[in-house]
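In what follows, structures are represented as structure tokens.
First chain A sits with chain B, and in the next complex the same chain sits with chain C.
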Partner chain A sequence: MTLLEVEGLSVRFGRRRRRAIEDVSFAIEPSQRLGLIGESGSGKTVTALALMGLLPQNAAVGGEIRVNAVSVRDLDEHSYSRLRGDAMSMVFQEPMTALDPTMRVGRQVAEALLLHSRHQAGSSRKSVMAMLERVGLDEVGRIADSYPHQLSGGQRQRVCIAMALINSPDLVICDEPTTALDVTVQAKVLQVLNEVLGAEGAACLFISHDLAVVSQVCDQVIVMLDGRIVEAGTVAGVFSHPEHPYTKGLVATARLDQMPPGERLPTVPDFYRGQL
Partner chain B sequence: MSILRAEAVSRCFGAFPALRGIDLEVGLGQRLGIVGESGAGKTTLIKLLAGLDQPDSGQVWFDQKIVSGRPERDLGFLRSSLQIVFQDPRSSLNPRMRVGSIITEPLRSKRVRRELNDIDQRQRLGEVLKMVDLPADSADRYPHEFSGGQRQRIAIARALAPKPQVLIADEPVSSLDVSVRAQVINLLADLVEREGLTLLFVSHDLMVVRHLCDSVIVMRAGEIVERGQSAEVFEHPQTDYTKALWAAVPRIRV
Partner chain C sequence: MRKAQLNIGLVLVGLVILAGVLSLLWTPYDPIRVTSNRLLPPGWPHLLGTDGMGIDIASRLLIGARYCLIVGVISVGVAAVVGVPLGMLAGMRGGWLDELTMRVADIVYAFPALLLAMLLAAAFGASTGTAMAAIGIATIPAFARIARAGTLQVVASDFVLAAKAAGTSRWGIAARHVFPNIAPLVGVQASVGFAMAILAEAALSYLGLGTPRPTPTWGAMLRDAQDVWYTQPVQALWPGLSIALAVLGFNLLGDGMRDVLDPRLREVK
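Up next, the complex of A and B:
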């Protein structure tokens, strides 16, 4: 059974009904990893928030979203919040703002667990510690008793991943999870994410502007431009033979490693001069 | 001839040694990359070189003049000839100032003006806007009306306004989309070439440094652990740390 089906999804904001995304359709099978790429403002995050039911009040949503064949568009807030953090969860870009600065991180991970299960507060600590270990953190006792500001950026993002995975979700949405990290920390966090997603068999919608990062996590990819999907396919296919001029531009700019030092780099407008 | 020189420079924050005895010489026209992880001391080093912070011990020279220990009123020569572009243009540009007045602000400083023989502000504004490929009418608008890449162009234009010899860029493309990154790198490369600038480019992304810089220093825990020509350092890294940094750069895997 298809895990997530999105059909003709559109989101408009405000009284002027400004279009954020239009006619977005895609599907994710169980344990599939789908990358969603595009530049800032292309509608990637709006798509993620629409799936999670986290759009603000002034958003008008159209189209269909089904999780395990059940439409989530008809859910009331109470049923939706039972789904969030349980069947589907999310890892945000900036772990410092995603975590509550006034709560020890162990308790924050436990909260995600307790809200969705019959765990007693006492036995939850053990599960929390086990989960923190699985995301590659050392000295989990000390980490669990720390506040977010006492941890490094990489540690904070691992805590967020632990929180997203502790209820063994079917789908994890990662919105630029490593953009705020430096390259060595990014490499470690991606490795951890790959490991835990694999071990849990969870599917993933991975949002990023960085094609290289997407290629290390995903097997399928969709490309968004001005709120619409302009290309979709396997990572290998789309990245080696992009068809849409915009995708060609994105791929070319991401190939810094193949450019002789000092030479002018290709840019997206070299390939695509639409509404950029 | 070296334009910037640091000798045995150390800096502690409380008990934490951010820099430990750094020796560095930057030649005129050199394009030096400064790489390392978060917390390695990259930003602390450039703050000392730019005279924005003082070393606990050691000395910094700019063009044979001592920088460290001097009061701000004696640093006019440095403020006009050394400029910085910061990582995040959202926080480095004042949201309540128009772009034109942001860019010309360095020129209104009494000490910088003295060095520049009262440069014509409006004329210079037009020149630098053209240099960074922003339309002339950008001057009347506010930073929030621009995209991230355009805002970084504004920050670069401001840095160029006082006709500096040295441009320091602290992670200038790290907060930008990969696709916008290429445009800003091209712009920096052009400007450095055309204006004959000396460039210090701070980044955790070695691929960008390899592209833009002729030489590189690798920093770790407040020390320089490796230095040399970019091609040499990246093709034959000597330390495991540099190898790890190089390996961590994400590459497209298909």
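Up next, the complex of A and C:
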């Protein structure tokens, strides 16, 4: 059974109904990793928030979203919030602000656990520790008792991953989880994410604008431009034989190391010109 | 520097509390009984002298500390208990509810507190209760506004979005994320509000709109001292100094508290 089906999803904002995304359709099978790439403002995050039902009130959503063949568009807020964090969860871009500064991180992870299970406080601590260990944190006792400002960016993002995965969700939406981290920390966090997703058998919608990162994590990829999907396929297929001029531009500009030195670097508009 | 502020604030506030508690158990002389030892200068056995009714001023000051604390706690309590949830609700719900709450707050803010106190005193008779009610109602908007401003900031933050993504309900977000994050703001406002309440109560008592005779509040003592201003100016000094120090103490405490209550500024263990 298909885990997530999105059909003709569109989101418009505000009184003037400005279009954010239009006619977005894709599907995710259980334990599949789908990459979503596109430039800033192309509608990646809006798509993610629409799936989670977390768009602001001034957003008008159209189309169909089904999780495990059940339409979530008809769910009331209460039923939807039971789904969030349990069947589907999310890792955010900015680990510095995604944790409550007034709460010890162990409690924040426990909170996510207790919201969806009948754990007792004592056994929840044990599960939290185990989860923190699985995302590769050392000294989990000390970390669980720390406030977010006492941890580094990489540690915080691991805590966020622990929070997203503690209820063994079917689908994890990662919204540029490594963009705010430096390259070495990014590699470690990606490795952890890969391992934990694999171990849990969780599907993943991985949003990024870094093609290399997407090719490390995902098997399928969709490319968004200006609120629409312009290309979709396997990572190998799309990256080796891009069809849409925008994708061609993206792939070529990501391989600057293959450019002869001294020549003008390619830009995405160059690839549109070839089409005309 | 910050630390010193907090410590001075704590000492001054501690003195007021100590005096208030002490007055429950013991005062050097009967604070109400009129005697013939009128207008004695400071000395022994009446350390701060006696007033126009021959009552020991030190005893009256101690009792006054108690009233000043009661007035502060209750009026700030009323304002915070009503204002903070209103502000949080306005900030979290937004829309017309937010608009309505804030416009009503503007109206209450624009209404002079003194006029409100006169109104209440005229309707229910001047008493500590009406003074506290007037001060409390007049400071509700301050709490509602600060709670709303803090809530708006917290609600827009990533960690609230993350909490929602983890399935936290509106109530959970309000109780576990919004309130702890705005608590330092509210605490500081409460401390400053406490100082303002003391000052306001003294002003109301001075004008005869607060606690009636013979209960010795600092404001009422100031009013009595005015009658003997030309012969015994020192009489006005004691209640005036008490009010000034108590107000200073709560203000310093509020400033210092901001740092202590904020875990972001706490030192790493």
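We take it that the second predicted complex is superposed on the first by the 265 of 276 C-alpha atoms of A that agree within 3 Å, B and C clash if a C-alpha of one lies under 4 Å from a C-alpha of the other, contacts with A are read in each partner's own complex, and residues count from 1 in each chain.
Keep in mind that, in the parts below, contacts are C-beta pairs under 8 Å (C-beta built on N, C-alpha and C of every residue); 3 or more make two chains touch, one makes a residue touch a chain.
Treat the numbers as computed from the prediction; the structure is a model and nothing was measured.
Colleague: Here chain A is shared; do chain B and chain C fit on it together or clash?
Modeller: With chain A aligned, chain B clears chain C, so fit.
Colleague: Determine, under the contact definition given at the top, whether A:256 touches first (chain B), second (chain C), both, or neither.
Modeller: A:256: touches chain B, not chain C.
Colleague: Let me test your reading of the model: by the given contact rule, A:52 touches which partner, first (chain B), second (chain C), both or neither?
Modeller: In the superposed model, A:52 contacts chain C only, not chain B.
Colleague: Identify the partner contact of A:206: answer first if only chain B is touched, second if only chain C is, both if each is, neither if none is.
Modeller: neither
Colleague: Of the two partners chain B and chain C, indicate the one touching more residues belonging to chain A.
Modeller: Tallying touched residues of chain A, the top partner is B.
Colleague: Kindly classify A:271 by the partners it touches after superposition: chain B alone (first), chain C alone (second), both, or neither?
Modeller: The answer is neither, since A:271 touches no partner chain.
Colleague: Which angle, in steps of 10°, is spanned at chain A by chain B and chain C when each chain is reduced to its C-alpha centre?
Modeller: Between the chain B and chain C centres, as viewed from chain A, the angle is 80 degrees.
Colleague: Looking at A:149, would you say it contacts chain B, chain C, both, or neither? Reply first, second, both or neither.
Modeller: second
Colleague: For A:216, using the defined touch cut-off, is the partner it touches chain B, chain C, both, or neither? Pick first, second, both or neither.
Modeller: Touch partner of A:216: chain B, not chain C.
Colleague: Tell me, in angstrom, the smallest C-alpha to C-alpha distance between chain B and chain C in the overlaid model?
Modeller: 14
Colleague: Determine where on chain A the residues touched by chain B overlap those touched by chain C, and list them.
Modeller: none
Colleague: Can you check the complex and tell me which residues of chain B touch chain A?
Modeller: Of all residues in chain B, those touching chain A are 37-38, 147-148, 177-183, 185-186, 189, 204-208, 210-212, 230-231, 244-245, 247-254.
Colleague: Touching residues of chain A toward chain C in the complex: what are they?
Modeller: 52, 54, 57, 78, 81-86, 89-90, 92, 94, 97-103, 111-112, 115-116, 147, 149-150, 160, 163-164
Colleague: Report the residues of chain C in contact with chain A in the complex, numbered from low to high.
Modeller: Those residues of chain C that touch chain A are 94-95, 157-159, 161-169, 172, 176-177, 180-181, 183, 263-264, 266, 268.
Colleague: Spell out the part of chain A that touches chain B in their complex, as residue ranges.
Modeller: These residues of chain A touch chain B: 39-41, 152-153, 182-187, 190, 209-213, 215-216, 235-236, 239-240, 249-251, 253-257, 259, 261-262, 264-268.
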